[in-house]
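Look at the two complexes coming up: chain A is in both, with chain B in one and chain C in the other.
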Partner chain A sequence: MRIVFAIVLSTMASVTGLAQTRYFTKSGRITFYSRSPLENIEAVNNKVVSIWDVNSGQIEFSVLMKGFEFEKALMQEHFNENYVESDKYPKAIFKGIIESSNLLGLAVDRSAAVKVNGNLTMHGVTRPVTATAVITVKNKLITAAASFSIVLADYKISIPSLVADKVNKKITINVNIPDYQLVVKK
Partner chain B sequence: MRRSKKNIFLIASFILLCGGGYFNKEYNRKPADISNIEPDVSANATALVELYENDEAKANQQYLGKTIQATGVIAEINNLQDTLVNVLIGESSSMHKVSCLLDIRYLALIRNYRVGQQIIIRGICTGYLMDVEMNRCVIIEKK
Partner chain C sequence: MKKNISVLLLLIFLSFVQINAQSLLQDVADSIPPNQKVSGAFKSTRVINAHSVEMLHKRNLDFRIMHRFGFISSGIKQLYGLDNASMRLSFDYGITDNTTIGFGRSTFRKELDLFVKTRLFQQSTGQKAIPFSLVVAAGGLVWTEESFAAVKPIFSDRTSYYVQLIAGRKFSPVFSFQLSPILVHSGMPANTGDDETIFAMGGGARLKVSKRMAITLDYHHPFGTLNDVTTDPLSLGVDIETGGHVFQLQFSNATGMNERAYITQATGDFFKGDIRFGFNLSRIFKLGRK
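Right, the complex of A and B next:
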């Protein structure tokens, strides 16, 4: 009987523990910038999904390529049809680990810089990515921000020579999570 | 001879001017106002979610990048990033819904709507994550 009770207790503890350490959002924002002498290009996606398990440090981001909005329609069309081929590769996914995530201590107001290592899959290509993220807790609101650069050629994204001067071969990506919500198991 | 050269010069200038004007207009074209675009598909929000749940790749072939007019019950109206509003439509009991990011011109109109009300929303389908996602959404009101 004691053994059964111990098993039930440990199962409950692990389930409760898991429920208390997972955070989630469907309203993250990713922006990217291409700066070149002829033109700056910017796009924004406001529907980024992210799941973060604080105990293990595992973090994941998913974003729909067609969800990126540009100021000019022609840029958006070229981005989807010629560069990222969003009909063929509709999503970009990042899977990684936040170093020392379990030591962050999210119960009190604080801001901490953390290192994130992982793999970004985009345009059918998976490449390692490392970034520094800042995680902030203020009045129980958990936010996160990170910035990193990628080289388009690494993801087999080729820019036609006609517009090569207008698109930087290195793109800066900014990730902003305005409200990580605690996952509550029902 | 001189006159024909002058004519050629005038025609070439006219063509260049028209071409330049067209290029400039096309280059600076803003994304289209969805309220002026006829929908490619009209669908019930619950049925749309079911199609994506059952076979995402097949549903993408049908709907990805298309203008969709979705009808359903409002499950949630959420503020996003301080300045944006997102409307979830579909069965409140379902985990997955149609998630509509409103065109900022419709932020005032959505204040007339409440959770549980029927709504018709037209937008561009961008795919499926946790929900079927639509961008640049406009509210269609029956006249």
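Right, the complex of A and C next:
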């Protein structure tokens, strides 16, 4: 019985330990680009939520689609109304794993390239996504950056033939986390 | 007893594991903002003839070309009305997201019009939800066509004014409806005997049929004394949106495309084939940086 007790206690301790190595941000930045001969489209969202569990490598992002800002207000309206249908699908969610996340060692200043595998859910469609991310530690500040591209058709986002020359079928997405904060459990 | 404690501990432990297995995001405050403005009740700032509850965004310029042809009932001799065209050109500009000014010129009576349109509040969802948007529009018009009347009209005879209240709601992503009471005052009504001040009740609706197409309806009923040939302006149209353009194709009984003209000078019975084909072309330009 004592053994059971010890196991339970130690596992509980380790679970709590896991929880304490989580990093979190509410001010992540995601930018996306569509380059085409007729028009370049760019949008930015500065309120991306991300949480990363260093020990397990689990990383998740939550992006409010209406949070994307475009240079042209009309583009933003069309993006929400006609392309991503943000009333119906308000968020994009990414759930993935950073490979060898627990071996990173965030105590010293360093920069490391890591592989991220996961699933991106957007516009009601979930697709696997792979990207290389660079995690940098400098003066205890943890930043992360990654870039990948997606094909709009994969997410059932259709481009009408009338504007086919203005919207690239492939969209480049840049992710930038300027400051991951350690989650302190209450 | 000991056993009970360990079972209890095991349960607590399991509950911890449970939490850990769930999504990380569930532990953090990650919710949709409580208040969100509802936009895009109509595709354009005009339902067809009437102002819609929609506003131009800040520093956006809307260049509009509106056309109305003759009555389709005029037959093949007039190519079903296509031989006669009446048009209105206009420039509308968004000073802020809530205030638009506009200038237009119509070929009908060579009439110029100026207006200011302000959104008092916008429909929103959430804790402090507002069920509808309220917009007020006010304008002044002057017709410049030469008069052959025995007594030449003076400037105040040529001018007219309107003030309109537009209350609109996007009931669903597909359906929007607005009510638009309007007061039009003409210095000298176009037809002798007409009331100088006319109140009209308006209704406008949009039914989205696809992501880029919608069916629109625009109707006004004037109260007061108007000439016998004057009818209620009724228009039925299709909105087609392509990026920065909105094409509005419609069938209407009104020739005039400004408030004075379509409220007080619409003729023809829509249901007897006195219908004009027409279109509005709207091109939005973004001026300056955000």
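Heads up, the rule we're going with is that the second predicted complex is superposed on the first by the 171 of 186 C-alpha atoms of A that agree within 3 Å, B and C clash if a C-alpha of one lies under 4 Å from a C-alpha of the other, contacts with A are read in each partner's own complex, and residues count from 1 in each chain.
The rule we apply is simple: contacts are C-beta pairs under 8 Å (C-beta built on N, C-alpha and C of every residue); 3 or more make two chains touch, one makes a residue touch a chain.
What you see is a predicted model, and the numbers here were worked out from it, not measured in a lab.
> On chain A, which partner's contacts cover more residues, chain B's or chain C's?
The larger set of chain A residues in touch belongs to C.
> If you stack the two complexes on chain A, which partner ends up touching A:123: first (chain B), second (chain C), both, or neither?
Neither: A:123 stays clear of chain B and chain C.
> Contacts for A:46 in the overlay, against chain B (first) and chain C (second): which applies, first, second, both or neither?
So A:46 only meets chain B here.
> Is A:74 touching anything from chain B or chain C once the two structures are fitted on A? First, second, both or neither.
Both partners, chain B and chain C.
> Of the two partner chains, chain B (first) and chain C (second), which one does A:66 touch, if any: first, second, both, or neither?
A:66 contacts both chain B and chain C.
> Looking at the overlay, does A:163 come into contact with chain B only (first), chain C only (second), both, or neither?
second
> Which partner does A:93 reach: the first (chain B), the second (chain C), both, or neither?
second
> With both complexes overlaid on chain A, does A:58 touch chain B (first), chain C (second), both or neither?
Touch status of A:58: second partner only.
> Pick one for A:22: touches chain B only (first), chain C only (second), both, or neither.
Second partner only, chain C.
> Under the contact rule defined above, give the chain A residues that sit at the interface with chain B and also at the interface with chain C.
49, 62, 64, 66, 71-74, 80, 87, 90-91
> How about chain A: which of its residues touch chain C in the complex?
1, 4-5, 8-9, 11-12, 15-16, 18-19, 22, 24, 49, 51-53, 58-60, 62, 64, 66, 71-74, 77-78, 80-82, 87-88, 90-91, 93, 95, 160, 162-163, 166, 183
> How about chain B: which of its residues touch chain A in the complex?
Chain B reaches chain A through residues 26-32, 60, 64-65, 78, 80-81, 84, 86, 99, 101, 124-131, 133, 135-136.
> Sort out for me which residues of chain A touch chain B in the complex.
On the chain A side, the touching residues are 26-27, 29, 46-47, 49, 62-67, 69-74, 76, 80, 86-87, 90-91, 178.
> Give every residue of chain C touching chain A within the complex, in rising order.
2-3, 6, 9-10, 12-13, 16-17, 20, 23-25, 27-28, 30, 32-33, 36, 39-40, 57-58, 60, 97, 173, 211-212, 241-244, 284, 286, 289-290
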